[in-house]
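Below, subunit A partners subunit B and then partners subunit C, in two separate complexes.
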Partner chain A sequence: MAVAEAKRDAAEARLSALALPQGGWAGAARAEALARLRAMGLPGRRDEYWRYTDPSSLVQADAPKASLFDPKDEPMAFTGFDRVKVVFVDGVFDPAQSDDLEAAGVELLSRQTADIHWAQSLYGVLEARGQTPVQRPLAALNSAAATEGVLIRVTGRAVKPVSLIYLHKSETSDAMLHHCVKLEEGAELTLLENGPAAARFNKVLEVEVADGARFHHIRTQGRDHERRAVTHIFARLGRESLFKSFTLTANGVLTRNEAVIELTGDDAVAHVAGAAVGDGDFHHDDTVFVTHAAERCESRQVFKKVLKNGAVGVFQGKILVKPGAQKTDGYQISQSLLLDDHSQFLAKPELEIYADDVKCSHGSTSGAIDETALYYLRSRGVPLRQAQSLLVLAFLAEAIQEIEDEGLAEDIRARLESWLARHGQ
Partner chain B sequence: MTALETEDQIEVRDGVDRETIETVQAMAGKYKYGWETSIETEYAPKGLNEDIVRLISEKNGEPEWMLEWRLAAYRRWLQMEEPRWAMLNYPEIDYQDQYYYAKPKSMAVKPKSLDEVDPKLLATYEKLGIPLKEQMLLAGVEGADEPRKVAVDAVFDSVSVGTTFKEELKKAGVIFCSISEAIREYPELVKKYLGTVVPQSDNFFATLNCAVFSDGSFVYIPEGVRCPMELSTYFRINAENTGQFERTLIIADKGAYVSYLEGCTAPKRDTHQLHAAVVEIVVLDDAEVKYSTVQNWYPGDEEGRGGIYNFVTKRADCRGARSKVMWTQVETGSAITWKYPSCILRGDDSQGEFYSIAIANNAQQADTGTKMVHLGKNTKSRIVSKGISAGRAQNTYRGLVSMHPKALNSRNYTQCDSLLIGDKCGAHTVPYIEVKNNSSRVEHEATTSKVDDDQLFYCRSRGMDEEEAVALVVNGFCKEVLQALPMEFAMEAQSLVAISLEGSVG
Partner chain C sequence: MLEINNLHVKLEEDDKVILKGVNLRVEAGKVHAIMGPNGSGKSTLSYVLSGRDGYEVTDGSATLDGVELLEMEPEERAAAGLFLAFQYPVEIPGVGNMTFLRTAVNAQRKSRGQEEMSAGEFLKVVREKAKALKIDAEMMKRPVNVGFSGGEKKRNEILQMAMLEPKMCILDETDSGLDVDAMKLVADGVNALRSEGRAFLVITHYQRLLDHIKPDVVHIMADGRIVKTGGPELALEVENNGYADILAEVL
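So, the complex of A and B:
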């Protein structure tokens, strides 16, 4: 099999350009991840799960150059919120710009402390579980090679959101971060992420949400036009737990966001949502895999994309209902608004169901702005651009509604409005 | 269906019409077509090689160009790998361990008319409900206001036994004959169109078919002609350990119209049998083709022993402006179904429709769906797919809707619903949606549910037993597709839906 060989060669080439960390508490997990990666190889264009996104720039040994962002172009997200800031510059932790981590109960992956038993049972573990039935070699690469990231364990209700800020200063930076978050029974945490991170960014977030715990995740990816990113969220949910993740993506030549969510306790709820707006050289890929392995769980996938000037939006979503996962309520919607004739929307919304007493549905649509709605608004005296902007925001509303905190939702809405204004909508 | 005896023992209860009872009653015999015709058969040697390809070509009295075409396909096939992307699980197929050609000995000299055909063969079709007489209707179908004629091409193992109404069709200018005859009699037409919709190298199973196809039907409807009757082909596998590889080519010239029906059955056997067919349809300007299939190959027993492996490539090329194709399929048989009837909407304003009911029970596995490739402007497509899984069966809808950059102002609407009966089966949906322009609209909807308890309760409270009630609810679920079938098939399909689900309740 020449293809499998080429994939393994690509993995070796990539690994040879990296300094792999040795030893430490995560040593065994990293060695296993390395073995996984070597067996799989790195993805190629012919892989079923990469048919709509070319992985070559994510796979190649050196990061392609990405020019820096003009800060006048877009304000930083979440600035008005009381939060614990953890700042990484090109993937390197920056204590000067960060808040006191110890007080907030945030550990760093790079500080090899003794008492991290809980992280040992998480690091690379959820990633490994997420490798079947679909391989995610870039996540295995991350587990094997990442040396930095945060380790957060929450036992009660976190007072402030933890805010991970990724700054980009070098045009050729190639960053890798690996975060582990564990919410113990009944705990609650809001995790914020924003910033372009690096010229090329590979990030893994592993989240264990124990029984009755609640996890909120809001992130914005954007700013730098030439950046590339591949991110993975691996989450495992206990009984009556809640997981909510929302991502806003604007700009970036290539973004692949994978979310692999496993509902293992009865009555758990998982919502994953995304809004992506792209103008020009923009390729955005949401790949979501939700597994229902317990009874009476609810999952929602809501993904909306607004595309213009040749931007490409990809959605690959799957709901897998395992045998015995009765009374599952699974919902999935992927929609795109194509603002001109050069943009593309490529979708593969899948259902795989092995239990009979379930309610699962998915919908996918693609089209232009509704001319009648536009006409209606204009006939009421709304100027064309404002009317278009209004309709675009209305289109994205269902995804933004997945953010529970009204203040954060408003922040996202304002960012979208200003993006639309800058991009002539 | 356990408690059903003979017709007169059953009283028609209030709220249950006679038809429902009869439908359910028809199921008592399980797979109705599992018998075998004992007839002397001539086989080609077992296995597959160039000599077998040459032999098939020679048996069909083919010209040299056809043999070359087959050999080229065979050589290419040797380089190809069997596709494994479908959600189907079956043991490795040994392509050398079967016969590629089987023909009743009585067909050694091709009968000149139906009167000369071996009575055993005629009796076979009679028993299948497809009498090879120039009759007014397909057997068992009543209720048409006017008697309707249906011409039949009957294919038995590797050969066409006979074609009815040939003369009458000829008067209208319609050519309806076996493909082997067409290759001899109308080589120019065959040369011009064969392999232009499904190319020789299309996929593993289609390429295999190109090399070894033995018979099938050929239809040519000339410009402006509305085919005076419905055409149909009935495929029967009889010989053991033999693969059937039929090839159908339908050409609807400008402004022509034809409705084509296809049916198929096979005897019950403990071993699997391979069926790899190719259907090509060419539709020119303003022409319309309706292609309906009731696929009822032997599905295997409850344990998954035996049954047909059905790997089929069907594709229509809407070459002309305003051309139209409608695929309707009821898939109830086969142990394995791998089938994606597709439409290439090349002509501006062309239309493609796909209506499907796929039922998988016991150990059956079906991976079926369609491709709608929009190339021309203002093209429209509609997909309605209903998948039903019961027993331990797996049923997958797999489809592609592709809007090319130049397919401006095109539309697609897709609806695929799955129904699960029992907690050991699976229902899956794998749609691919590719939109490359913004004036086109694509809408895809899918749902999965179980038979609604309220509906069942309602039926039961009206005195129906549980299996009757399920059959009724399922027929309701399939209604949209059943309505798209020609009447000859609608009735059969409706009862098939019930048969296939037999034993799946409780």
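So, the complex of A and C:
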């Protein structure tokens, strides 16, 4: 078939532009990922899950140029929080700006040490599992080609959050990062990520959350208007474990965030949430796939987007309840606030349920700002722009509430407020 | 303080004329009541004065201390000292009641060139005023009016009024949906705010609210006009005989 052939040709063209790593402890996993990619080819517009987002700029051999954004006096996210900083500049680890990783138990993928056998059972493994039933070729490309990233194994309660900081310095950088995080039984970790990363960024995060472990993930992405990013989170949850991920996206011409979460132990909880604000040339796509494969698990998907001046938001969210996953509690909400007539929100919520004793709900809405609430605020003396800003933040509140740490939630709110002030809301 | 002259208003969407020449003058320190049958234009008057969209003023004026209100934005009217206690207070999910109040108080102070209230000072004042209205800390934490009972919503309106300290207060059917005890609480809240520099315009269907908030002047509104003005006895007349007699007399 011509389409499949074109996709495979695209993969070969992309691969020919890359220097693929050889050997090392991840050698076999990379070779398998390469084989997966070659069989699938790279995504095209006719693929079911790429109908609303054009993958061509993510697929093409060279990264489109992205100019650097001047944040003026605005501090970076999470400034002032006690954390272990790991800095990547255009996708390359920068030891000078990073903290002491050894003390924090953070290993680098680029070190290629042989003694990280735990990572061998994780690298590319969750990504491979996540390729069915929906193909995710850009994640396979990442597993095959990435040489940078972090490997974190947590056995107790991590004292400080690990903070991955992605700086963007080159207008043509094309970065790939692959992170593996393993939380052993009862362990707890907060992972922070922020920064525009590169002109084009492809990132995979594989997270294994063992029985009773707790993983918190808070990410801000965006900033540089012209940057493009495709990210995947693959997570597998054990019994009574917790996984919570929140993403704030502001700016960026193209962002595709995929989250593939598998609840494999009974009584596990997975929440994945996102707040996205876009003005103008902004295309933001959340593609989420949650699989319930155990009993009494809870999952929540909460995605909110504020769009203006032609910005586009996409949500493709699925809850799959496997046979036997009784007492599943699944919830999914995707909402957009369209601040003008030019912006667009495309949503595809899906439920697929093979168990008979489950509770699953989903909803999707698009709407304008509530004029009555606006008038009420103004009648109390709140100026128009401030009132609009309050209502926009209120709209996003349900997603931000998914962040457990109040200090981090406040940091996110403050960033949103300054974004809204800059964008006339 | 408030002076309305020959006010004509129609709905923006269709050509329906609601107010057909309202004349009203409320002096500082006074409480005026407006009564009238359904559809007489009472609520429209309150909305037009506070600056709600959807109405077109075709003639007339409304001034507050000599300043034309009708050309101002709603927030400017509020800063000028006008306050409307809503008949149906609006629910705003996601905005905490306390945040809302503090934002409003500080926005008004800012527009008047006053310094913003510090968090500590604000908390102290709001707690004291909330206590008098039997509004507990839990209610202050909840989103604005979300999940509030009818009585809680109306008390919340009075709390906003007490915090914003406006000079011209309009109460639009503040008694609707209230039981006797709640009405008493709301009335006490209003009475506590009565002062020489402040005026009230109380819109109501029933005389019973006026037992608690004693008016100086009572107006009857019908078909978009004030058709009769008198003392408190006028409200009693309505209570005893309904509107029919009065309307038959004036129309």
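By our rule, the second predicted complex is superposed on the first by the 423 of 425 C-alpha atoms of A that agree within 3 Å, B and C clash if a C-alpha of one lies under 4 Å from a C-alpha of the other, contacts with A are read in each partner's own complex, and residues count from 1 in each chain.
The rule we apply is simple: a residue touches a chain if its C-beta (ideal position, glycine included) is under 8 Å from a C-beta of that chain, and two chains touch if they have at least 3 such contacts.
Because the structure is predicted, anything quoted here is derived from the model rather than measured.
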Fit or clash - subunit C, subunit B, common subunit A: fit
Which superposed partner A:P349 touches (first subunit B, second subunit C, both, neither): first
First (subunit B), second (subunit C), both or neither touched by A:K327: neither
Partner chain(s) touched by A:A394 [first = subunit B, second = subunit C, both, neither]: second
Which superposed partner A:K160 touches (first subunit B, second subunit C, both, neither): neither
Which superposed partner A:L338 touches (first subunit B, second subunit C, both, neither): first
First (subunit B), second (subunit C), both or neither touched by A:C360: first
Touched partner set for A:R8, first subunit B, second subunit C, both or neither: neither
Smallest separation in angstrom, by C-alpha atoms, between subunit B and subunit C in the superposition: 14
Partner subunit A, residues of subunit C touching it in the complex: 50-53, 73-75, 77-79, 83-84, 86, 89-95, 99-100, 103-104, 107-108, 111, 143, 160, 164
Subunit A partner contacts - residues on subunit B that touch it in the complex: 85, 87, 405, 408, 418, 420-450
Residue ranges of subunit A touching subunit C (in the complex, touch as defined): 370-373, 375-384, 386-387, 390-391, 393-398
Subunit A - residues contacting subunit B, complex: 48, 323-324, 326, 336, 338-341, 343-368
